[in-house]
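Two complexes follow with chain A in common, the first pairing it with chain B and the second with chain C.
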Partner chain A sequence: MLGKAVPRKEDERLITGRGLYVEDVQLPGMLYASFVRSPYARAEILRVKKEAALAVPGVVGVYDGSEWPELKARLPELNGSVTLTSPYIDHIKLPDHLLFPKRASYVGEQVAVVIAETPYAAADGAAAVEVEYEPLPAVARWEEAMKPGSPRVHEGFDNVVAHLKHKVGDADAAFAQAEIVLDFRLETQSLKSMAIECRAVAAQFDAATHSLNIWSTGQFPFMMRNTIAGVLGLPNDQVRVIARDVGGGFGLKGVLYAEDVIIPVLAYHLRCPIRWAETRNEHMISANHSGNQAHDVRIAAKRDGTLLGLELKLYKEVGAYDHFDMMLQINTINHLTTHYKVPALRIEGWAVSTNTPPGSPYRGAGRVEAVFTMDRVLDAIARETSLDPLEVRKRNIVTPADMPYRNGQIYRDGVPVEFDGIDFPLLLKKAVERADYDGWRKRQKELRAQGRAIGIGIGSYIEAGGLGPCEGSRVKIDEQGRISVFVGVNSQGQSHETTLAQVAAHTLGAKFEDVSVFGGDTRLMDFGFGTGASRVAVNAGNAVMKAAGEVRNKVVRYAAQVLNCAENEIVINDSVVSVAGATQNFIKLGDLAARSIRDRRMIELGGPGFHATEFFYPRTVVWGSGVNIAVVEVDRRTGAVEILKYVIVHDCGLPLNPLVVDGQISGGFAQGLGIALGEHAVFDEDAQVLSGSLMDYYVPRIGDVPEIDVEHVVFPTKDNPLGIKSVGESAPNAPGAALSAAIEDALERKIRITRLPVTRSTILSALRAA
Partner chain B sequence: MKLDGEVVLPQGTDETWKRINDPVVLKACIPGCEELERTGEHSFSAVVKVKIGPVGAKFKGNVELTELEYPVSLKLVGAGEGGVAGFAKGGADVKLTEIPEGCKLSYVAEANVGGKIAQLGARLLDGVAKKLADQFFANLAKYEA
Partner chain C sequence: MKNKVSITVNGVERSAEVEPRMLLVHFLREELHLTGTHVGCDTTQCGACTVRMNEQAVKSCTVFAVQADGANVTTVEGLAGGDGLHPIQEAFREHHGLQCGFCTPGMMMAASQLLDRYPEPTLEQIKHQLDGNICRCTGYHNIIKAVQSAAEKIKARKQAQGAR
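Right, the complex of A and B next:
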């Protein structure tokens, strides 16, 4: 069962439109919310005039934070999967993030909320609220924000909110020895994940238990539960957060937003169920973005293409509120050297606030920036030395002989980075063969003679996943023989119901069809650390294996007594327990469970029934990796890029389900393609949002996404019992680098690509300038 | 957004000057203008209906005429709020020159927009502004009391 390409259990429900999303939650007497949002990037909120809104038929109330003390709460300083153990950061100081700010600090920030009997009345009410603002100068670009005289994003706080430093080896010596020194700036754009389902929250007060039921689209239900319980002064168990079917997250939903707290607080005080669902326009303006990032890179290399050292100055825009300290920057740094040896590294980084929405990870979370930098560095060396980019890679690659290999980095969980059992040259070799690299180099020449612009590019990534601290699972067998697997994490489309069922079925010897997986409900488990950082398969997967293993132990011990045999003679297969060699002596798992309920022998085995709860604590992260090779043709007249061939060769350890891995790779690739060629959250110089719709923010349409050629290579890890690594954030990382290199190559390196996205107009204007 | 242009009006500078200082004329000539009232010697309040791409809104705002040098130049400064549609603020330098055909009016305008107009209409703004300006001057040229 493990490693089999079984179809997804969740597909029937989701494909036939029977999923239950927050907007499907419909309760008697439900009210609806619509937010009034600041049109200014920075403004004093002088007065909120509610009268006209209150006169709109159907409007129940208008709230601006002055009504109840809980509406004056602040959001937790750090979010999601942030760990505080990274030794790189030496300075961090952040302002309070209030549910209703006194001063708006980005366009789209919530100023008031209208509650009404219908969503339409709420929207009309919100349009009728008159807010008096005193606009203040805003700062839209991190470059401006770093200047001493620039406006402050928050009064009393420096725009540079955090700083870090790290070094590996002796950079001065590397530059002293260097035969080639190159320096340039690389820039990567701010992104906004375009989940099909926007953000939403619904909340219902249950008077019988004095508790709140909350439906959420978030990736971190327990964090949400604990925060809301804290704000309302309720025990954690009197707040229940359900986040079952969620239509995509990609990191943007991995934070707690003001709306996530405001709606439950209002439902609690008004004693009415309330629902809010973000419109696409609200998503475009007020949901978090990933922030622009710039790298000033200085390279020390030898004439033979060997990299001696790298200096990196890293500037990261973190928006108006930074809830991730320097997690994204540290991710970039931790993933920076990918498959290659960089003996000396000197890094300094700044986190810079601007009057734009708060910063959040976007699938990949700093790794796109790392890959883009490392591959651009290798391509720059190739250009300088006239070596083939492939040759430069071969000369710098970490080989199996170097394993276990430490690159001198400390991961953000505080553990030194170490690669073991990974064959990077094999990944590269397979990608080169699969892409027919040498064949394309020949064809490139021939086609160039016909005036066609063909180019080849390589991108290599590593992906740390499975970040702790831990996840738990409760597994039980009921009297019908049905197996329930409870987990503390929720899915935004990651196929937990299938892959975790495979793990449980495999471990227990049960039928896959007998297993149901339940997650995304804080009533099911006591702890859960969220779906993000490619951590569920490793953490929850191994927890399920441990819990199912514990249940199996109980089954074996009890069955040996019931079937009158030795424990080591028990065989469990297809949900049937039997004695090895004795065809007549068997009992179904469900019957055995039923029998155990009233059996005093179960005193020894933890009480009636078969159940167990176990937690898995990873030692540190596990490292997946891969190589992308792109072959493109560029149309010099229109700047259009056509992908002729795209190869991804990757390792994620043993795949739990190759179909699911394929899905992660193809979906991730589509996002990587968007990042490479068009996705961009754009603000003007007053920090007004210019990418306010899907006409302005490019997301690849299905017709834009080519077929890709994927090869799974398996380097199992000994770091966890399942031998798995992560895959969720693999595929978006390298298309930016591979496609940039391919486009540059197609245009015979007449243009230099130093920033993402590479749009048609970028290509055309670079060609005109060249 | 920046916009400049030049139009020839059949009326002379004196008459043109009078017209662009007269709320009744302005109300009749500004496309979409629903209200226009004098609030001071050289200031007006106005309600104007504008549609920019998918965003349509009523803008309520104030306009002030400053640096008046009769009858050759003036400066126009204004700001308007369109509720959920956002806001606009800006100004224009207007110059009048007497010519045989009447009056040559040239202007250089600059405006900033925010909110939904920026999010959804920024791409269309230049075109819409040019169209509205052309329409205003066409109306002004043919206005008859």
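Right, the complex of A and C next:
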């Protein structure tokens, strides 16, 4: 069962329209919310005039935070998965993030909320609220925000909200020895995850139990539960957060937003169910973005292409509120050197606020920036030395002989980074063969002679996944032999109901059909640390294995007594417990569970029935990796990039379900393609959003995504019992680097690509300038 | 002011008094509680709200309910036309053509029109016909496989029916 490409359990409800996404929640007496949002990037909110809105038919109330003390709460300063254990950060000071601020700090920030009997009436009401603002000077660009005379994003706070430093080896010595020194700036754009489901929250107060039921699109249901319980002064168990069917997350939904708290607080006070669903327009304007990032790199290398050292100054825009301290920057640094040896490294980083929406990770979370930098560095050395980019990679690659290899980094969980059992040269070799790299180099010459612009590019990534601290699972067998697997994490499409069922069925010897996985509901477990950082398969998968293993132990011990045999003679297969070698002596798992319910022999086995709760604590992260090779043709007249061949060779350890792994690679690649060629959250000088709809923000369409040629290589890990690594954030990382290199190569290096995305107009204007 | 509309949805005639501005997608979701049709963008780009209206695939966020008065509308809930799954639904499941599932109902409704038009679609036809439906999870490769497989399944079903 483990490793099999079985179709998904979650699909039946989703393909028949019976899923329950938050906006599908419909309750008797439900009211609907619509937010009034600041049109200014920075403004004093002088007065909220409610009268006209209250006169709109169907409007129940208008709230601006002055009504109840809970509406004056602030959001938790740091998000669930931050870097408190990273030694890199040396300074951090963040302003309070209020549910209803006195001063708006970005366009689209919530100023008031209208509650009405229908969604249409709520929207009418929001349009009728009159707000008096006093616009204040704002800052839209991080470069401006770092200047001494810049307007402050928040009064009393420096625009640089956090700072870090890290070094490996002796950078001064590396630059002293260097035969080549190169320096340039690389820039990567701000992005939005752009899940097709926007954000939403629904809340219902249950008077009988004095508790709140909340439906959320969030990736961190326990953080949401605990925050709301804290704000309302309720025990955690009187707040239930359900986030079962979520229409894509990719990081943007992995943070608690003001609306997530405001709606439940209003449902609590008004004693009415309330639903809010963000419009796409609101999403484009006010939902978090990933933030622009710039790297000033300085390279020390030798004439033979050997990299001696790297100096990196890292500037990261974190928007108006930074709930992730320097997580993204540290991710970039932790992943920076990918497959290559960088003996000396000196890094300094700044987290810079701007009057734009708060910063959030987007799938990859700093890794795209790392890969883009490392591969651009290697390509720059190739250009300078006239070596083939492949040769430069071969000369700097970490080899199996170097394993276990420490690159001098300390991961953000505080543990030194160590690669073991990974054959980077093999990944590169396989990608080179699969892409027919040498063949394309020959064809490139021939086709160039015919005037065609063909280019080849390489991108290499590493992906740390499975970040702790832990996840738990409760597994039980009922009297019908149905197996329930409870987990503390929720899915936004990752197929947990299938892959975790495979783990449980495999471990127990049960039929896959008998297993149901339940997640995304804080009533099911006491703890859950969120779906993000490619952590679920490793953490929850191994927790399920442990819990199912413990249940199996109980079954074996009890069955040996019932079937009158030794424990080591018990065989469990297809949900039937039998004695090895005997054909008549067997009992179904469900019958055995039923029999155990009133059996005093279960005193020794933890009480009636078969159940167990276990937690898995990873020692640290596990490292997946891969190589992308792109072959492109550029149309010099239109700037269009056609992908002729795209190869991905990757390792994610043992696959739980190859269908799901392929799906993650294919979907991640499409997102990487978007990052490479067009996606961009754009703000003007006044911090007004220019990418305000799906017409303005590019998302790859079906015709844009080329065939990809994927090869799975398995380097199992001993770091967890399942031998798995993560895959969720692997495929978006390298297309930016590989395609940039290929485009530059296609144009015979007449242009230099130092910035993502590489749009058609970028190519055309660079060609004109060259 | 409200208008009476009468729309046959998934074979059943449904009447209601609606505001003239009410969008068809909101009529389906909020009045009829058919929440399988999703709203992803409200500006006709994403296609999550695609339904069939008099056989034509339309984005129901860009049609007023009053415009659908007297029409025949099919949503994902009516795609199979009874118990069991439509071949398109079967194929999406078999080929892992969905991850989060949010775009899927609209994608399948658009695919149903595509396969009516082109029972043996070329790759180019699939790409052209599904250009207005955005999927953020799958990278589309498995959606293409699912549509190709659904075409085979429909053909096989028709042949089996013809033989009977």
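Things worth noting here:
In this section, the second predicted complex is superposed on the first by the 770 of 770 C-alpha atoms of A that agree within 3 Å, B and C clash if a C-alpha of one lies under 4 Å from a C-alpha of the other, contacts with A are read in each partner's own complex, and residues count from 1 in each chain.
Keep in mind that, in the parts below, contacts are C-beta pairs under 8 Å (C-beta built on N, C-alpha and C of every residue); 3 or more make two chains touch, one makes a residue touch a chain.
Since the model is a prediction, treat every value here as computed from it, not as a measurement.
Per the definitions stated earlier, placing chain B and chain C onto a shared chain A by superposition produces no clash, and the two fit side by side. Residue contacts after overlaying the shared chain place A:Ser693 against chain B and chain C alike.
In the superposition on chain A, A:Leu659 makes contact with chain C only, not with chain B. In the superposition on chain A, A:Gly248 contacts chain C only, with no contact to chain B. Using the contact criterion defined above for the overlaid structures, shared-chain residue A:Gln492 touches chain C, although it does not reach chain B.
Residue contacts after overlaying the shared chain place A:Glu23 against chain C, while chain B stays out of touching range. For the superposed model, the angle subtended at the Cα centre of chain A by chain B and chain C works out to 70 degrees in steps of 10. In the superposition on chain A, A:Ser516 contacts neither chain B nor chain C.
When the two structures are aligned on the shared chain, A:Asn236 is found in touch with neither chain B nor chain C.
Touching more residues of chain A than its counterpart among chain B and chain C is C. Look at A:Asn281: by the touch rule set out above, it reaches both chain B and chain C. With chain A used as the common frame, chain B approaches chain C to a shortest CA-CA distance of 9 Å. For the contact definition in use here, the residues of chain A common to its chain B contact set and its chain C contact set are 281, 693. Across the complex, chain A meets chain B through its residues 39-41, 107, 126-128, 130, 281, 284-285, 684, 686, 688-693, 696.
Interface residues of chain B facing chain A in the complex, by the touch rule stated above, are 83-84, 86-87, 112-116, 118-120, 122-123. The touching residues of chain C, counted against chain A in their complex, run 19, 21-22, 26, 29-30, 33-43, 45-46, 48, 75-77, 80, 85, 89, 92-94, 96, 98-105, 108, 126-128, 130-131, 133-144. Residue ranges of chain A in contact with chain C, taken from their complex: 7-8, 10-12, 14-21, 23-24, 26, 118-120, 193-198, 245-248, 250, 277, 279-281, 492-495, 659-660, 662-663, 665-671, 693-695, 699-703, 705, 707-708.
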